[in-house]
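Below is a structure I'd like to ask you about.
Each chain gets a letter, A, B, C, D, E, F, G and H, in the order it is written, and its residues are counted from 1.
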Amino acid sequence: MSQEEMVALAQQLQKGELPLNDFVERIRSMNSVAKLEHASLDLDRQRRCGYPEVVFAEGKSVATLKQIFDRLLKENVSIFATRVSAEKATQLLPNCPGLRYNEQARTLRLGVTQRARTGHVMVVTAGTSDLPVAEEARETLDWMGVSCEVIHDIGVAGPQRLLAHVPRLRKSDAIVVVAGMEGALPSVVGGHVACPVIAVPTSVGYGAAFGGLAALLGMLNSCASNVAVVNIDAGFKAGYVAGMIARGKHQNEEAP
Amino acid sequence: MSQEEMVALAQQLQKGELPLNDFVERIRSMNSVAKLEHASLDLDRQRRCGYPEVVFAEGKSVATLKQIFDRLLKENVSIFATRVSAEKATQLLPNCPGLRYNEQARTLRLGVTQRARTGHVMVVTAGTSDLPVAEEARETLDWMGVSCEVIHDIGVAGPQRLLAHVPRLRKSDAIVVVAGMEGALPSVVGGHVACPVIAVPTSVGYGAAFGGLAALLGMLNSCASNVAVVNIDAGFKAGYVAGMIARGKHQNEEAP
Amino acid sequence: MSQEEMVALAQQLQKGELPLNDFVERIRSMNSVAKLEHASLDLDRQRRCGYPEVVFAEGKSVATLKQIFDRLLKENVSIFATRVSAEKATQLLPNCPGLRYNEQARTLRLGVTQRARTGHVMVVTAGTSDLPVAEEARETLDWMGVSCEVIHDIGVAGPQRLLAHVPRLRKSDAIVVVAGMEGALPSVVGGHVACPVIAVPTSVGYGAAFGGLAALLGMLNSCASNVAVVNIDAGFKAGYVAGMIARGKHQNEEAP
Amino acid sequence: MSQEEMVALAQQLQKGELPLNDFVERIRSMNSVAKLEHASLDLDRQRRCGYPEVVFAEGKSVATLKQIFDRLLKENVSIFATRVSAEKATQLLPNCPGLRYNEQARTLRLGVTQRARTGHVMVVTAGTSDLPVAEEARETLDWMGVSCEVIHDIGVAGPQRLLAHVPRLRKSDAIVVVAGMEGALPSVVGGHVACPVIAVPTSVGYGAAFGGLAALLGMLNSCASNVAVVNIDAGFKAGYVAGMIARGKHQNEEAP
Amino acid sequence: MSQEEMVALAQQLQKGELPLNDFVERIRSMNSVAKLEHASLDLDRQRRCGYPEVVFAEGKSVATLKQIFDRLLKENVSIFATRVSAEKATQLLPNCPGLRYNEQARTLRLGVTQRARTGHVMVVTAGTSDLPVAEEARETLDWMGVSCEVIHDIGVAGPQRLLAHVPRLRKSDAIVVVAGMEGALPSVVGGHVACPVIAVPTSVGYGAAFGGLAALLGMLNSCASNVAVVNIDAGFKAGYVAGMIARGKHQNEEAP
Amino acid sequence: MSQEEMVALAQQLQKGELPLNDFVERIRSMNSVAKLEHASLDLDRQRRCGYPEVVFAEGKSVATLKQIFDRLLKENVSIFATRVSAEKATQLLPNCPGLRYNEQARTLRLGVTQRARTGHVMVVTAGTSDLPVAEEARETLDWMGVSCEVIHDIGVAGPQRLLAHVPRLRKSDAIVVVAGMEGALPSVVGGHVACPVIAVPTSVGYGAAFGGLAALLGMLNSCASNVAVVNIDAGFKAGYVAGMIARGKHQNEEAP
Amino acid sequence: MSQEEMVALAQQLQKGELPLNDFVERIRSMNSVAKLEHASLDLDRQRRCGYPEVVFAEGKSVATLKQIFDRLLKENVSIFATRVSAEKATQLLPNCPGLRYNEQARTLRLGVTQRARTGHVMVVTAGTSDLPVAEEARETLDWMGVSCEVIHDIGVAGPQRLLAHVPRLRKSDAIVVVAGMEGALPSVVGGHVACPVIAVPTSVGYGAAFGGLAALLGMLNSCASNVAVVNIDAGFKAGYVAGMIARGKHQNEEAP
Amino acid sequence: MSQEEMVALAQQLQKGELPLNDFVERIRSMNSVAKLEHASLDLDRQRRCGYPEVVFAEGKSVATLKQIFDRLLKENVSIFATRVSAEKATQLLPNCPGLRYNEQARTLRLGVTQRARTGHVMVVTAGTSDLPVAEEARETLDWMGVSCEVIHDIGVAGPQRLLAHVPRLRKSDAIVVVAGMEGALPSVVGGHVACPVIAVPTSVGYGAAFGGLAALLGMLNSCASNVAVVNIDAGFKAGYVAGMIARGKHQNEEAP
């Protein structure tokens, strides 16, 4: 919060234009926002939502990303950025010791969210080409402190590949299912388990896959009752929601 | 072919405007078309395609349908009409003894295509609500003289329902899979069998099912290699293609 | 399982066409499926998924629904059917004592799933017109044995309406947010809480709402990380996923 | 107007083919159009619409743009071109002293529209990635002579970021809200203020953002009554409409 | 605010769970919300946005609408409801003396917003079939206290119809243009005037009009810089935004 | 033109606000517009475009249609209205002697456009269900004074049906091809003739026909070079364009 | 026709499998097709359709194009190829003396269609960025032997630009209107003239222009009756249809 | 199957958590899956489906493809990979002697499926630009051991090109029809033959071809009853389904 803004608010208070309550609330909330040149970091996110703000790197310049990372480090907040191109990563890594780039997931990370590893999430893919999205989910869960295991390439055209894994799937707190093309895997997985399935359509496929639309619509219309869906290729969000469910289940265990 | 048209053609021949070959071909082809007031029946269809023309009743008036049926009877061609509303059927049945209406399939039929029953096709549905489309396929296969068996409601959310039927499915010459919502069943069936799967998306579902679009896209993107697709709710066409495959396989057996 | 099918299987066993293992598995799995005329009930669903099969009534005839309900009663499974029109309900209620129809939710129910009430889910709507979908979610949660509270009409154009409820929302195990038009509410709710938000787009709106498509796309692109989405108007599925999350959190408490 | 055209018109007048009125009107209107090789500049635009024609540079060759700029300079009209690639700008800048390129906004400008700075418009973005579009709006407002302030990155997932700015927003004559992804920010801003909100969807996002379609539909369906929408990424048009509203409010003040 | 809620809050305050500031803010904000059975009326809307909340009647039951109207009357807020079917209006009118139904606009109203008539907005339609949407805009402007004039049927295929009205259009503070089919009229009007044009696409047309989509896309892509767009058939919103612009221009005049 | 408007214009002239030319032009153009309560009839259309204005009846009330017809009669302009429902026709016919309703085409007509019958257009349909659209085209051509012949049901699945008509098609000045479903007929017809083909997609079909979208896209992508397309079900427009081409070809013949 | 094919046909004739007529027809039709490695040139096109086959170069290799051009030269048919990239042109030009590349239109040509220049078509563009498509139309008309004039950049936002050209437009046999963005120009032009307007939507624009979809839909829904539409960016087809109309009008004049 | 997994299963068996049957089935099914780092090869595919798994190379890294090929070679399974870019092929070929790359089809192959050549399929294209997709189908049929012949460029605008080939088409067991743009060819071919037609829409075309959507919709709506459809550009799948039909017809002949 700038000196200037502070004075302006105080003057409003003196003139009676701003009630005392509002003045106090304004101060607090503005202090929870770190204002950079082109960004407003939400430093209050961890308190409200359980995890700090994650940086969406697409469309942000290297300069802006550097400013954001520097500030997060200063505020002692762990860095997690998604959809970072290899080019941007190459420019950012030298400036920020400890930062680690996952080329497949296209994520940048520094630190975890500090808590003990709790809960367990399976991430399964329908095909090998879904790997980058699964990897983004895995990286997210790791950052959240949730234990995670990935099973690749168990799409529905080879049904015995899935059946072999059912017992392990049934022990998961939540399951992330990553699939492109017709996106049928979440329905099939959903019919075998008693936990929520977070389905991620991917842009894998061609022609009438329409960049993931076919898989997205398939998943939204899943006949399995326990399937919720996130955006196309949104490995991060699927991992995040699944991680939140997994941690929720084990909150009480954590305390002691 | 009207007297008038015949004379006109003959005059063109005399004047040298029409080569003899063209004259002869024109006569033959026009005789294979039965011209009604608002319709041109293709009487040559059975010779070319193996089965007579099927009547698409939607958008045709009762009067026109009656004219068509009368002419087909006169030409000794078996009648098969699809997408016939109950209202139209009620008006047509009294006029045409022997005509039979299938209320679920919304088809009208008189006679079969006369050949012995050959080949075998399974029709399976993902859910009970897909029944009318499956029934249209079944009626089509019956009219074609192909043996047919229907299994209802074996969608992917209850996987053991499908597994119980795999041995029977593996004995089929072709399989028609009828499914709405996410349309995942053809992929799963396709992974268990070594015959072509003809997938029919249905308009069963709501919201992002978009009238069958989700199922259609899912089926087109099936990861199973043996799946071809027909139009949404096109039970007739699926039955027809499957029946053609089944008869093809047993053609040699028929001869003796 | 019919006598006929049993004999057929046994004969296959005798002829060595079916290994013993397969024979046994086939018997068990077929016994977990109740075969009706046009439906195959999955009686194993509760064991696998935690809750019995829910009946999707759209596109099913009254006769078929009656057969299904009778069989579920005989199997001692609680009945829960969604998307039941008032007309069908009127015909079904007299035949099935104890069945209860919720006109707004368009659900039919008989019994709960028998377990103690555990977990807590808030259901919030953006506008009063979203009521039927919210009611379907509420009814689902009630059937699952999950405690549920509904807050109506706190859309984003009147922001103080939401703020007043934030403390209560923060105590929920999961939140179902029901919104049509631009579907912005889940993002705003998501930014205030540390639990998963299950967003349901509704077909409320007109013009470029395109039957809920605008809300659906908005929710899928939510900038809040904790938002997963279900189908348009899918109050049942949202309630189901949220209920599953809520019960999961309290599983350990239930035991003693 | 060419000599040739003038003569042709005059001859029509003499032959009585063209009424005197039409002749006069034709002369005047043709003189208000500057005809270049592949362009027809509307020199009457400022009189009719308050501001001169703005050049849409996409799809125009450097040679054509140069011709247009030269003519505008000759006519003493300020130059403002949008959607100018860096490549084109590099080629054009040396030829036209005083021309200024804004790399983020992708605009070229020479001069303002000459009037005193009047009115005030806030431009707010939901995220840092929306910056280029906001910058195009800001540049437009500056060219129009309207005072403008930009607030970055106050999207709905961090609600306190917006609240801190509400008092300033309430003092704006109109507000431009720039947002991608779900496009929820205009609804939330709209609920806090009593001036028109011009919403600009951006192509920021991925997957089901469909190049800005999700944000566009969201904004069109905004539940806030004071929100109007412009094309995806159309920072120029949003700035223009907002600027026109702002100047309109202060027209009377300008006079004295 | 219920007694119960008040006590609960006070207890939180006593236990130190709720800071004093939050307690005070919570009381104030809850008092600005009128909680009905299925609705939360935003009584603070007029203070924040200049006009009270408008009721969207689609999807609301007659009982709920009655509750809302009763409460608004009690709070002394003028009633304005849009998208009210004739059936609902017939049931509501007897219960609420003074309520007036506009059958074409499908609006219900009681009272105006009390201020003097200020500002001027033209509403023009491309064709006679656009009448209901124009009427909704006109009714909205009347309720807002803005003077309004409607010109019907001046679509672009008869260009002289528009030209005759240009001088009057140029005197408007803002113009609402209502058009279906190709939606070209706003561009043409926009090229003649120096005020904002609020374009409303309508669902008038057939085939590739796709329920107003063609007009919507056309308007969003208008080559006229002063055109902003609202939802398909959204006469209310167009009237509202135009009215807000018109009043803004004349605010200073109102004071004395 | 009202007395009031005339005086206003004259006063502007006197004050020097309106140049004499503009004054005169305004008078003339306003006199070519017949202003009704909710419509502005373009009486100058025949002079500019060769045919008088055609009334689009959809969305217009019976009262408005009656006003329009009365005025056209008074102006001695032939009446032609399209997309008139049977209900409206029943109400309008008694009031307007000589008016004739074509139930299939859904058109109302009184008189022709008076000129001698000139030119020849073939209208062909792919299927009997395309009849109403073809009939609208035929009625339009008849009204325009163009000779017209209709051939029904010569879709591409029975290729000899088309071949029989090729010589007649080759003698047409332009051909209107009406087809739903896949809309393939215009391409096939186009490959046989040396005149323009005006293709009309129809909403005949179901499922992925998407209300005529499939046929529309097919026709737009026709590999035949001589195919232009009009809106889905737009029999009127296809007839109009074809009629205009046919008359154009014979203009010189008409004179003597 | 290969020796082999000829023998095979003759043998069928001898065995009585092929009627004499069919044999003769087969010979003739196969001789009218030039079979290359990957292409089948239709040498009969000019006889049937009035103009020889035009080559669509997109997706064809340079080698294939070379083969096609060589054969056309040998058959003494004029070459006209559309959608030729600059890269392909550069490789083809040295091999084929006399071939001319139009870089803007992306066409390759050798010779005209030999007939005298007849008929007149105006090509108008809404904006300068529509130039390449207009140029393709112009090149096509030139190849067809139709006189052509282009007017650039007379879009609807500067209405006087169009009015100045109305007299010339009214003298055209047909008009090609090329427009992107909202595609409103054909409607406005159509309202001023008595000849067919062939509208070409272009992919000029961004955001909700959706690659020309907005313009396409606008043109299909044109309220002007004389507007027919071709594919997005299809300058060739628009030119072709317009040219065919223009030549048709002057056919009789040509004879003497 | 890893040692670890085996032990875990055995322990479950000992503890009575896993029935003996399940234990045995699990062992067998896991042994039919070859687990690589990021892929699970389905080694049981040939037994179930008649042909081994085909590798979809898009989105897979060269390293992963190499692992897969090595394993397939070790398992003595023939290699067939589709959608392999030239870059990947160049890297893979040196490592795998005997591997052959088809640049047009973009396939990699090693070996056939070993069976004798049986059955016959015609592959026809509408235009030369459809070549790569046809080539993928041809390569697939060759790999399956099905005889195949390709006819190029017989699209519907030159109808005699198709007629010349009808006798050969009528002798095919199944026909693959490859077409872009309006996709009309399958309907026309379908009307001439008595075998199934597998239609492949291609992305050939521009503008409203929308990447093959127009052709896809056209084919799905084909009025010919014997047409089934596969994904856009899916030459592989069309070849596969057609090959399966062709082999099915000749199964009995193979035996002796």
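The rule is short, and it goes like this: a residue touches a chain if its C-beta (ideal position, glycine included) is under 8 Å from a C-beta of that chain, and two chains touch if they have at least 3 such contacts.
None of these values were measured; they are calculated from a predicted model.
Over half of the residue-numbered contact pairs of A-D are shared by just one pair in F-G, A-H or A-C, which is A-H.
Most remote from subunit E, judged by the distance between CA-atom centroids, is H. With centres set at the average Cα position, the gap from subunit B to subunit H is 26 Å. Inter-chain centre distance (subunit E to subunit G, centres taken as mean C-alpha positions): 49 Å. Between the CA-based centres of subunit B and subunit F the separation comes to 37 Å, rounded to the whole angstrom.
Counting partners per residue, subunit H has 127, 157-158, 190-192, 207-209, 213, 216, 220-221, 223, 225, 231-232 as the residues that reach two or more other chains.
Those residues of subunit F whose C-beta lies close enough to touch subunit B in the complex are 127-131, 151-154, 157-158, 160-161, 163-164, 167, 204, 206-209.
The touching residues of subunit D, counted against subunit G in their complex, run 12, 26, 29-30, 32-33, 37-40, 42, 44-45, 53, 56, 58-60, 64, 83, 201, 203, 211-213, 216, 231-234. Contact residues of subunit G toward subunit F in the complex are 48-51, 54, 56, 173, 190-196, 198, 216, 220-221, 225-232, 236-238, 240-241, 244-245, 248-249, 251-253.
Contacts from subunit F toward subunit H in the complex involve residues 126-127, 155-159, 180-184, 187-188, 190-192, 205, 207-210, 213-215, 217-225.
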